[in-house]
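The structures considered in this document are given below.
Shared between the two complexes below is chain A, which has chain B as its partner in the first and chain C in the second.
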Partner chain A sequence: MKKYDAIVIGAGHNGLTNAAYLAKAGLDVVVVEKNDYIGGASASREMHEGWIYSSSSYVCSMLRQALHRDLNLTKHGLILVPYLGTVNFGDDGSTLFDYPNEEAAYLELKRHSPHDADSMHRFQADLGRYAQFIRKTLLRTPPDPTSFRLRDIRELLFLGKQVWALGEKEMYEYVRFFTMSAAEFLEDYFENDLIKAAMASPGIIGTALGVYSPGSAYILLHHVMGDVDGNIGAWGLARGGMGAISAAIAGAAREHGSEIRTEAGVQQVLVENGRAVGVALESGEELYAGIVVSNLDAKRTFTKIMDRKDLPPGIYEKANNFKIRGSSGKVNIALSGLPKFTGVPDNRYIDRGGQGFTGSLETMERAYDCWKHGRWSDDPFVESVIPSAWDPTVAPAGKHWMSNFIQYCPPTLADGPWTPEKRDAFGQAVVNKIERYSPGFKDLIVHMEVRTPHEIEQEVGLTEGNIFQGELTIDQLLFNRPFPGYAQYRMPVKNLYMCGSSTHPGGGVSSACGANAAREILMDLKRPNTVPEDDFYDE
Partner chain B sequence: MRSPFYPREEALNIREAWAAWNGYKFAEYYYDAEYEYFCVRNTCGTYDICPMQKYFVQGRDAEAMLNRMVTRDISKLQLNRVTYVVWCTDEGRMVDDGTIFRLADDKYMLTCGSPCSAWLKMSAFGFTDVSVTDMTDEIAALSLQGPTSCAVLKKMGLQGIEAAKPFDIVHFPFHGESLMVSRTGFTGDLGYELWIKPELALQMWDELYAAGADYGIQPFGEAATNMARLEAGFIMPGMEFNEALKTIHFEHDQTPFELNLGWLVDFNKPHFNGRSALLKEKERGPKYTLTRLDIEGNKPAEDSYLYRNKGCTQEIGYVTSAMWSPAVKANIALAMIRTDYLQGEIWAEIYYQKELRHYSKAARCTVMKKPFWAPSRARATPPPDC
Partner chain C sequence: MNHYDSIIIGAGHNGLICAAYLAKAGQKVLVLESADSPGGLAARREFHTGFSLPVAHSVNHFPKQLATDLTLEKHGFRPAAESPPTIGLGLQGKHVVLHKGEVHGVGTDDAQSYREYSQLMRRFAGALKPFWLKTIPRAVIGKLADMVTFGQIGLKLRLLGRDDMREFMRIASLPVRDLMDENFENEILKAALCWDGLIGSKMAPRSPNHAVLPLLYRMSGDLCGEPGSLIDALHAAAVAFGAEIRTAAAVDRVLVQPRDGALRAHGVQLNNGEKIEADRVVSSADPQTTFFRLLGAENLEIQFTNRIRRLRCEGYVAKLHLALSGLPVFTGLDKPAGRLLIAPEMDAIEFAFDDAKYGECSKEPVLEIVIPSLSDASLAPQGQHVLSAHVMYVPYKLKGGWDEPARESLRERAIDAIAQYAPGIREQIIHAETLTPLDLEQGFNVTGGHWHQTEFALDQSLMMRPTYEAAQYSTPLPGLFLCGAGCHPGGDLTGGPGHNAAREILRRHRS
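For the complex of A and B:
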């Protein structure tokens, strides 16, 4: 029987990245994917004829440029296009535009509050300082603070040096920042409600926290520390949808000899004498390998595809208690034309692109209250983008598709499980909200795909539909991710590794988790490292 | 001077970012240079090439005269085809580069970046039946570049445009006149150039933009052009080469061989300007060779010296153009490198600034054999719609 060097479970972007780097090092790798398509939450799917939805994730900013370049993803068809023009809508019908041009952005802020326009410079500088620190850790394995191994001490010193370089005052600020709420953090800078709300919104995306919950300030940072071609905080679209990212990484993996098998869901990880030796597929087929790498989230890995008796004591419980709460929904809408929004001028540069149905801090917090009570809000926070306004490949010419990300949407409802009727009612609440800002919007709808945490879990496999594979709170970050003692991609069973967003540096289409895991695996196998050590921000 | 397209461009140039080219008021960019660059790579954009110099060369001796002037064999150029050419001084130094369109058996159009009347007049000396007419202000020209450009022209009603191969010329009736379309450009991507009487320029613009509305059409300026051409590996006067007729210092101009354009020099055709000097250059090998570099890190190697060693003590050349390529996600450059040092290590000394402080670092360079950007759609006939 054939024995692979490595089996990677799950063809999401991190699994594919991991496979690409293992294969590049000469390992015989197979990726097994339960769906009949690859990409996991970074997928493009034709759900209505002529329209290609980025079903789950929809914009890209965190994909590590060093990996893009190193795996030559452009050659494999990936182009990332920055998009212009985001507009935030306030509860009172006011609008706040975001421009790529610094002067234009300043003048727009000044229209709302001269004070806030000035404060924005200080805010950007402070955030830039925090982001710079985190960015340097993205393509590095977190050190184990209790270990005396030379490498861990070196990495701890590296972290210490970065913290020290912030200066004394900033060190205090930094600790505060990690534990603060987004709203409180923003109070230090801004007075205008819509500006605060717009700036706070990245702090709640994907997380079961509210704008006033401690820890949401870090989530905010996590969403703005990416960049497109050095423009920090910018977001881009993958031409052809987010599936183009997975397809390109898969192209690189195949180029290096990796095999990728779809419709090959894993039933169980096979463990013999305390070592992972392969996987049993749902079809009954068994595959064997020297190592097994799980791209599934930590909870799913240890509670769904492993036998509890194969795990050391306590691990099952840790995984079961891993904080991975579903909180987001997604509504993908095919449109017969470009929607018009009230208060948005007819301008080729700003009447398309991104929309933030932000409302106010109060509205966002009320939506969070609904989530806590197992309901969806009739006035949710919706972040939208119309990729077809920039990307000619995702909808027929003159037609459009709109991606709507909804915060919040509960994983289970107070009045029982999700049903197709409830799902559609949730979708309707979202459409109603958009219609308020875009009269006639409903008449443009050609097709709609509504995804609650239930659909996301069923299709993509993310526990509770949590987009980050686990909350990005400080108790689950760096050397605590996913669990203390297991942050270096090696899992409690020998020859078993994890490479998904449950590991450092967490969620977002960054490919960093998959790449970091590959580096550790190659180190264990005493193979030459194929993974870029540093990202570009080392200077 | 203002291009016939100026009224439309002025309305779209909301940043008032104007530059100049051959006396024409000319857009540096319209809204955001990088956005416009991405239109060229993702949708399509238009670039005003009215300021480009255009000359009709006509008469029974037109072919012989051009063949005497440029290094390529023009007798091979078929009717309704375009070819890329360079022309040199007697010393084999490059005067300029440009394109020649064969419009009829005895009628050619030469286009180039800088005015060339005097050189053409000199080149026509001794030929009896040839006339040179400066058509720069008589023809309005607009370049349409990017993956949706063919779809836009089809939507505009140019039936059969998809059958045009690279460097083909096709004519279409347009409001009683002829609209000439060539499948040419300066971006390395799928693209066309449209040539029309100035009186119909705005009419053409409006029809093109109406057709392109759903295909992401957007004007782009000099900044985006410069990014796209560098990715395609195309040379620019004032960057990669110093026009020979404007060069003061000895050999601060270039030969086609130095610019890696040896393939444009045809020694099998009848005598041409610079032949013997170029023949010698070919035998001896060029002193410098224009080279494509992929440079580690993300700091553009603008104005960098190149060295043999990381310590940056043994100088071997200089960077001519450099940028971070957003499409390729690579730090790219064109550079002139001493030919005898092309094999082996190449290091760029990169200078950059961080919050007012100057820094420099040595970055390893890798020689790239192929252009950084060469999508298959640029060569495909018929090309894809997006």
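For the complex of A and C:
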């Protein structure tokens, strides 16, 4: 009976990255995926003939450059293009444009507030400094502060040195930033409400927090610390949709000899004598391996595909307490033409770029309040982009598809679980909102795919529909992710590892989790390390 | 002209404690208080003829060390023999009672969980306890000997054991709601246990980062008692050690002059024009009042004043004071002794907070009630009583402003809430007073009417409280010091800032 060196559960981008690096080190790897497509939340799906939706995630920024180059993703077909220009809409229909050209961007800000136009430089510089610091930690395994092992002490010293290098003042500013709310952080810089709202909105993406919640400033940072081709803070579209990223990583994995099997969902991780020895698929087939790596989130891994008896005491409870509440919705719409937005000029950048249906800080906070009450937001925050305006491969000629990401949408409703009717009502609420800013929008709709946390969980496997595989709050970050003491990719059961976003550095299509896990695995197996170090070209 | 070693601005409890320690060490000390009597927010205040209450209505975690050092018992401070119960009120008398480490009125699972939870939290509180009375050194540039304090914190946590240390790292920034949901089922219990993480701050059960530390802070003290008696004893002790205390003496500004090439504080000027000289001035006023009103921003460097300006100082707690014709009867309670909480579930607290977030008064406020006349008969005429309630959440800046209809609405909502659990109370009300955060600011000279003088949040704690360069009680202006709740360890009636400031001043004085 064949015994693999490693089985990776889940062909999301981190699982594929993990497999690629293990295979590159010469391991015999198989990735098993329950769906008939790979990519998990970084997937392209033709849900309506001729249109290819980036079904879940829709833009790319977090993908680690070092990994992109090392896996030669360009050779495997990945082309990333920054999309240029966004418009943010206020409650009253006011518009705030963002241009890729600095002078144009400045003049636009000045139109709203001369004070804020100048402040923006300071804001971006400060945010850039904080981002620089966090970026250094992304492709590293967190230390265990409770351990006296040499490697942990060394890593603590490394991190300590980075902190020390900030200098006293910066250190305090950093603590302040790390613990504040996005709204309060922005009060220090800006006076204009639409500008504040536009800058704050990345702070609520995928979170169960509001713009006024302490800790949302960090989420803001999480979303601006990526880069596209060295352009820090930029967001890009993958040609062919987000599935192209997964396909490219899969190409690299296969090139190194990894096997990838779809329609091979895992029923249970097989454990013998306290060691993971393989998996039992839903079909009944059993696969055996030296190690098992789960790309599923921590809650799903320990409470759905493992027998509670196989877990050491306390682990089931920890997994149950792991916070992974969904708060987002996704509405993918096929359009017969390019929508026109009121107040947006006919402009190569803006009318083909991204749209933020932002409102104001208060609107966003009230949207969060609805989530607390167990309903989708009456007036939701919607972040949209029309990839087909830049990428000819994802819609028929002259036609378009629009990706709409929504905050907030609860994992279950106050009056009961999600049903198809409620899902459609939610989708309608989103369309109604867009129609307010683009009269006639509804007439362009050819097809609509509405995804609430329910669909996201059922289809993608993200528990409760949380897009980050676990919330990004201090109690679940760095050496606390997913649980204190198990934050170095090794799990409480021997020969079991985790490589998904439930591990450091958390969510986003970054491949960092998969790569970091691979490094730890290869260390344990005493194989040469194939995972590159990050390159700090922004220093 | 009289010259003092130290002038202390404000005879609130921190000012009095600082004065007592300095006087005890032999300094010639003058305390200047603008009100007619000392005590600040903790002073007994007659809000209606014959009825008095302190705004800060209970002493919950006063350090024994301070009581001993200042011989407070000799001067009349009688700490409670045991800490009073906290009662989460339930409808139809289904209350949850927390007393002496046990909880009553919940299922057996919750009762057991509570024992385990209490033990764990008390271990953490115990580990942090010494640091509330220590000066937190500046990171990086502090003296090496001071760096030891950081090492000590780490070591203390590590000595708890690996599992405990990990659990501490995880829960330190957790929202209290999550901490409660992990451990308990009963909604009233969860809401009651959240309370000490939230009261006095702009925090709700779902707010991350700044909730568990206040909870642990409030578990770290030794003595409970009456604020009025504490203030009386502190006053007497300070005077006994030789401090001079002048009331009805409002300070208009700190006097500053160049000396040896730098500006230096050398005394104060009162509202009546009188000037008093001293080697140093110690302000127990909040940081914004101290630096902007009393000193003047022009005497400070701009980056520092920016950091003081951006301090978050908006209060969210209002007071309701009731003069009652008799003891109120709470359904299902023999005697309304201890601390009564009206917060039926965590969502009640959360939604009350959500209203105030937008500058509106909570439609259904949550309250903490005590009836101090039960243990201090001097507060009301024979047979009659006073009731004090902290009402959350009430914004300092109300949309539309604090006009009479707004105050009346607040009062009625708060009384309605109490009447749900004490149905006959309206008939007993002789007089009701409401103090909004704006009233507290105007009446007590505390910016924003803030409980802690400024938000008790992680980025405004430890060596960042109120900001670096002023977090070790000295300030960038030589001769000017801080000793109020705007410094480490923060507010509540603990005397930590006053004690720590005095120690720093004496350390410098000696060297």
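Throughout what follows, the second predicted complex is superposed on the first by the 534 of 539 C-alpha atoms of A that agree within 3 Å, B and C clash if a C-alpha of one lies under 4 Å from a C-alpha of the other, contacts with A are read in each partner's own complex, and residues count from 1 in each chain.
Following the convention adopted for this analysis, contacts are C-beta pairs under 8 Å (C-beta built on N, C-alpha and C of every residue); 3 or more make two chains touch, one makes a residue touch a chain.
Predicted model only: the values in this text are computed from it and were never measured.
Novice: Please determine, from the superposition on chain A, whether chain B and chain C clash or fit.
Specialist: Chain B and chain C fit side by side in the superposed model.
Novice: Would you sort A:Leu73 into first (chain B), second (chain C), both or neither based on which partner it touches?
Specialist: So A:Leu73 only meets chain B here.
Novice: What is the contact status of A:Ser283 with respect to chain B (first) and chain C (second): first, second, both, or neither?
Specialist: The answer is neither, since A:Ser283 touches no partner chain.
Novice: Between the centres of chain B and chain C, viewed from chain A's Cα centre, what angle do you get? Round it to the nearest 10 degrees, please.
Specialist: The angle comes out at 130 degrees.
Novice: Touching A:Asn432 in the superposition: chain B (first), chain C (second), both, neither?
Specialist: neither
Novice: With both structures fitted on chain A, tell me whether chain B or chain C touches more of chain A's residues.
Specialist: For chain A, the partner with the higher number of touched residues is C.
Novice: Classify the contacts of A:Thr342 with the two partner chains as first (chain B alone), second (chain C alone), both, or neither.
Specialist: neither
Novice: In the superposition described above, what is the shortest C-alpha distance between chain B and chain C in Å? Please give a whole number.
Specialist: 22
Novice: On chain A, what residues does chain B touch that chain C touches as well?
Specialist: none
Novice: Can you name the residues of chain C that touch chain A in the complex?
Specialist: Of all residues in chain C, those touching chain A are 138-141, 158, 162-163, 165-167, 169-174, 178, 182, 203, 206-210, 310, 312, 347, 350-351, 354, 357-358, 457-459, 463-464, 467-468.
Novice: Can you list the chain A residues touching chain B in their complex?
Specialist: Within the complex, chain A touches chain B at residues 65, 68-69, 73-74, 79-82, 84, 100-101, 228-230, 239, 348-349, 390-393, 397-398, 536, 539.
Novice: Mind pulling up the chain A residues that touch chain C in the complex?
Specialist: It comes out as residues 145-146, 164, 167-169, 171-172, 175-176, 178-180, 184, 188, 208-209, 212-215, 321, 323, 362, 365-366, 369, 372, 473-476, 479-480, 483-485.
Novice: Help me check something: in the complex, which residues belonging to chain B touch chain A?
Specialist: Against chain A, chain B makes touches at 14-15, 31-32, 34-35, 38, 41-43, 147-148, 151, 155, 214-216, 218, 297-299, 324, 326-330, 354, 359, 361, 385-386.
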